[in-house]
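Here you go, one structure.
Order of writing sets the labels: A, B, C and D. Residues in every chain begin at 1.
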Amino acid sequence: MKDYLYFPGCSLKGAGSPYEKSLLAVFRALGISLTEIPDWNCCGATAYLSVDADMGTVLAARNLALAERADGRDIVAPCSGCFLALSKAKAMIAEYPDLRAKVDDALGRGGLPYEGRVAVRHPLEVLLKDVGPDRLRKSVVRPLKDFRVAPYYGCAILRPYETVDSAHVPTVLEELTRIAGATPVDYPHKARCCGGMLTTGVQSVGLRLAEILLDAAKSAEADAIVTTCPLCQYNLEVYQDRLCRSTRKDLRIPVMYFTQMLGLAMGMDERTLAIDQLFRVPVLACPAGGRA
Amino acid sequence: MALAVEKSEASTASWEPRIVAFFCNWCTYAAADLAGISRVKYSPNMRMVRVMCSGRIDPSFVLEAFRSGADGVLIGGCNPGDCHYKEGNYKTMRRAMLLSQMLQDLGIEKERFRLEWICASCARELQTTVNKMADDLRRLGPLDWKGV
Amino acid sequence: MRLVKTVKYEADLDATFAERVAAQPGGERIWDCIQCGTCSAICPVSLYMDLTPRRIVGMVRAGFRDEVLNAVSPWICTSCYACTVECPEKIRITDIMYVIKRMAMKESGHHRFVVPAIEEAFVAMVRKNGRLTESRMGIKVAAKSGLRSALGMVPIAWKLWRKGRLRLLRVERMQNPESLRGVLAAVEDRRPAPPRTGSRGSPAGVKA
Amino acid sequence: MTAAGEAPRIGVYVCDCGFNILGAIDVPEVVRYAGGLEGVVLAKEYKYMCSDPGQDLIKKDIREQRLNRVVVASCTPTLHERTFRRVVSEAGLNPFLFNMVNVREGVAWVTEDKARATEKAKALIRAGVRRVALQEPLEARSEPVNPNVLVIGGGIAGMHAALSLANANSGAKVHLVEREPSIGGNMARFDKTFPTLDCASCILTPKMTEVKIHPNIHLHSYAEVVSVEGYVGNFDVTIEHKPRYVNEDLCIGCLKCVEACVYRDARFPNAFDLGLAKRKPIYIPFPQAVPTKVLIDPMDCLYLKLGKCKKTCVDACEKGAIDFAQAAVRAQVKVGTIIVATGFKPFDARRKPQYGYGTLPNVFTALEMERFLSPTGPTEGVPSLKDGSLPRKVGIIHCVGSRDRNTNEYCSKVCCMYSLKLAHLIRERTGAEVYDFYIDMRTPGKGYEEFHEKLLAEGLKVIRGRVAEVTTSALTREEKGHLIIRVEDTLAGFVRRIPVDMVVLSVGLEPQSDTQQLRRMLNLSCGREGFLQELHPKLAPVSTATDGIYIAGACQGPKDIPETVAQAGSAAAEALALVHRGTVEVQPYTAVVDEAVCSGCQVCVGMCPYDAITYDADKGVVHVLEVKCKGCGVCAAACPSSAIDQKHFRNAFVLAEVAGVI
């Protein structure tokens, strides 16, 4: 089985820890090894680009260079923010020679050559392209029967690069959901911004976007929202109570990671998958699962 | 006389590569016309010689061009399958392959001799091809070849 | 009623502004804009913007430097890239928003607004530790964002802590952040004026 | 006649072309330089060499200065070589003792730096002078032109061209080939035409019938051109007739067979109605179809599919026209000229998923709307929603697949006007409120802007903004159950969400999907966006790089009916001009053999794509059959002993030019 380098990013060490736990568990079970990039640094996210583009790019590029030095295997970047920051740095450096010069110069100081060899991958890609639907299906021991899932893609894995899936009609999450034996529900905005960027700064706007999404998922009678991004997960999950109060709508719905969904279908228990760390634990029709 | 004067003028000026380009009348020459009509600027180092078909280009033309001081030779013809004379460009292709090999044996870098399929509406492609070749030749420097 | 004068004299415009934006990576294509408004219409937050993305591009081209650099719009941009994907002229509007944010930070007094403060706090922390500690970030942000919203965060923080997703004592740090600082310093050496950073924190600690 | 022998007395004329050349090249300097070149007796500059005074200048010098060679440095030879050859021959000089140097398209228009442009112009003229000094007199050959004309495509363009040609009674027979079962093209699908709102079929149907009955037109419907060989004046064309499984000569179009078909009701999508209406396996595409002959779709017909059926149609046909054994047949025709009028393909709206075509109900393309609005269409002229009710609000979205670098960069030109037309008709038929969403309202053309204003006066709601998406996700009560159009009202500077019942996508025009095969078959070229390329955008808009082949209508680029018809007319005129002249001049650039040198190795024989070279066994040399030789020169390049050379492109000439440019 193919092995990968692993870029966890800061979120997965914080509020996004359930993502990391479930991801590692699922990949281990599938026999895929993830080697953490030695002494990786923050990807720079969007904040750095707003303050200093060159540094933001260099910051991300350092991780790519570290990966090259490590052995140049594909990088798995589960956090959408990191995934985009790394992909973008790679693309921009390739496109703009003078940016490339700055990067070479800066990394050169630290004796880190950058060639742009490594590919930046999202776990979804790895699961569906590298592992492949067939192997995944085989690994499913407990199909999540009658479990209605609202797949939520967020932005960064679809736009602007469309490497993981089509920006207009994405289908990978639906495919994974079916593989897990669950039922994907169709609802609008599955790739619309969740507002997570704003719940810190301009909360009213951020919450409004979250509300629209939760509402859409609820009216599609989903049992849970499945996300690919720690920020989206956080944003859609933690404000639910507040939104219920302010909008007088029932917007309570579990928000889980696709890795947790797959893990459940693979028969793992909720602790291993850190499902007990979610604010709301999805209720599964199939008994074997039990509940936290 | 006049000619000699011109030459010396040219040589005293900062060196610029000289590209002789043989273009077929139907595709690449038409592309050059289109470049003109649409004001697509490209390096003036390239000087066109029009022939009816790229298949007309006798290897001796290319050798003669190099011998008389060209730093690069560019042949432009129709895309495979588009030849105005059925298959002239296939013959060009075969000849060019042999010729390119031979030129390298004679110590002429392969960047100095190029065969490109440039269609009648490919003004942009013409521009990039010519500019790229001019740049390559600037890097390679003058070719001083006295012939075989 | 108060009358507002809407004339703009050429002298009030910044003739070089458009070039400066266009010179930044991603800014090149502003000249291709046909003012169709697709960016504004697809933008999930344009309805909260003082200047829609289309107007931003139009005004950048026309040299409305002050208006653009003092606009709230770039700070509301969630950088979801919908505009960039939809633009019929392939203009990278999101990148242009970044360009404007950077210029605003340097050239306008935009720090009344909380978002840039958060961004800078973020940057400062990364420069220090090489990584972000959400709990610490959260505290900085809460401190800045005023009592009400800070209090609003308490129950959430409490719940996160109970669920083991908020570790107050732990600080995320590289083994040797110096290696990173060296690299970043190198970037600064290449240019005359170092960019301004320094923390003016505010709300919840989530990295985007 | 100047003998090639005597010492060259060359006249060089450098054209300013107004400021086109003068602005980019130091012309006086170039003239000064040219004057000093070997063999040059005079060098002159003139504003416009192609103008009458310019031409007279050359003639005068030839006579008075006894010039025996002429070089004109101006635009590309493809534009004016003919002109100046005529000029020199009028002054008694052999036209092939003239040489044209391309300093406009070749230098002035493509060079940034004036000094370097001047240097390049000098080099090209130097080469031109050296070449012309060697050139020898030649006689142009002429070949007869077959009077028959092939017209490919039976839309409005093809029909109009065919009729213009046929009405000339030039003795020319017109072969009109249409791949669909009926002629009429897209125009036959329309109800009304802008800006006059006259009924399309009222003006089209008579033309269709006329085409059918015209003695000079041979209509090949449900047929395709599969191969074209030969050259201007005499093309050999192969046409394949697809089987209708109905004998065209016997069928009288009574449609009894259709009634009799074992399928009681129509259940197969009718292509003419874009699948919106149904037909039986045996059918005519639409009531006014020409020819009015039924055909059977082998994919749907029980007998052709499974081999068993009561064949009630056969019994119903008194003429015994139905013939299940029918197979594709190929016909050979000889023509002298060809007019290509293959039209366009509407943009596939599925390529813009954000507009919901194919996924959301009541989102239609403009062409579908044309059918809804047609009295003979699926809804008999009154567009209705999927549930049968009438729409109360309709949104028309412009520029779908146009002005968009993600699909087609170009403007499709006709959409603004047809959108306005559709808006008018929809309001007229349904009373619905209609919104037009546009980027720029483009209505140039006679009576077009007036039409635009008429629509505004009628109360059409126009919103300047490109729609971002059509969604069903409602945020307010009145949005529920509607299609919501998200757009920025760029004139108001506000984002708006407008609920409607029906959306019409004004899809752009694209090249036919098989344009590339056609291009190859006819040796044409295509522009960057894939439409067929005209010889010159202004001066030769319907000619192509291949002599004797002309283009008309939307196959050359998006255009409306008036423009299409105008082009068809001029294409017909171009073809008729050739037919009328009866002969075409063929460049005498043929190959010649120096029998003294020829070793008889016959390498050339295999090389010639036209079998123009034969081996003379007793002499041990090869001969070139001039009539067969097309003048590519491949043989000359191949000859190991350079015994073969090409007239006007002799090795010596090319080498002189090469030495000159360096």
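Methods note: a residue touches a chain if its C-beta (ideal position, glycine included) is under 8 Å from a C-beta of that chain, and two chains touch if they have at least 3 such contacts.
This is a predicted model, so every value here is computed, not measured.
K.L.:
More contacting C-beta pairs: B-D or A-D?
P.N.:
B-D is joined by more C-beta pairs in contact.
K.L.:
Where the centres are mean C-alpha positions, what is the separation of subunit B from subunit C, in Å?
P.N.:
Distance between chain centres, rounded to whole Å: 51 Å.
K.L.:
Cα centroid separation between subunit B and subunit D, in whole Å?
P.N.:
Result: the chain centres lie 31 Å from each other.
K.L.:
Spell out all pairs of chains that touch, sorted by label.
P.N.:
A-C, A-D, B-D, C-D
K.L.:
Across the complex, what residues on subunit D touch subunit C?
P.N.:
Touching subunit C: residues 354, 399, 403-406, 439-440, 464-469, 486-490, 493, 495 of subunit D.
K.L.:
Sort out for me which residues of subunit D touch subunit A in the complex.
P.N.:
Listed in rising order, the residues of subunit D that touch subunit A are 353-354, 471-473, 475.
K.L.:
Would you tell me which residues of subunit C are touching subunit D in their complex?
P.N.:
Where subunit C meets subunit D, its residues are 34-38, 40-43, 46-47, 52, 54-55, 86, 88-90.
K.L.:
Can you tell me which positions in subunit C touch subunit A when the two form their complex?
P.N.:
Listed in rising order, the residues of subunit C that touch subunit A are 24-25, 44-45, 48, 75-76, 78-82, 84-85, 92, 94, 98-99, 101-102, 105, 114-116, 118-120, 122-123, 126, 130-135, 141, 145, 149, 152, 155-156, 159-160, 163-167, 172, 174-177, 179-180, 182-184, 186-187, 190, 195, 197, 202-208.
K.L.:
Given the complex with subunit D, which residues does subunit B contribute to the contact?
P.N.:
Interface residues on subunit B, with respect to subunit D: 1-3, 6, 10, 16, 18, 20, 26-27, 29-30, 32-33, 35-37, 39-42, 44, 47-53, 55-61, 64-65, 68-70, 81-82, 84-88, 91, 95, 119-121, 124.
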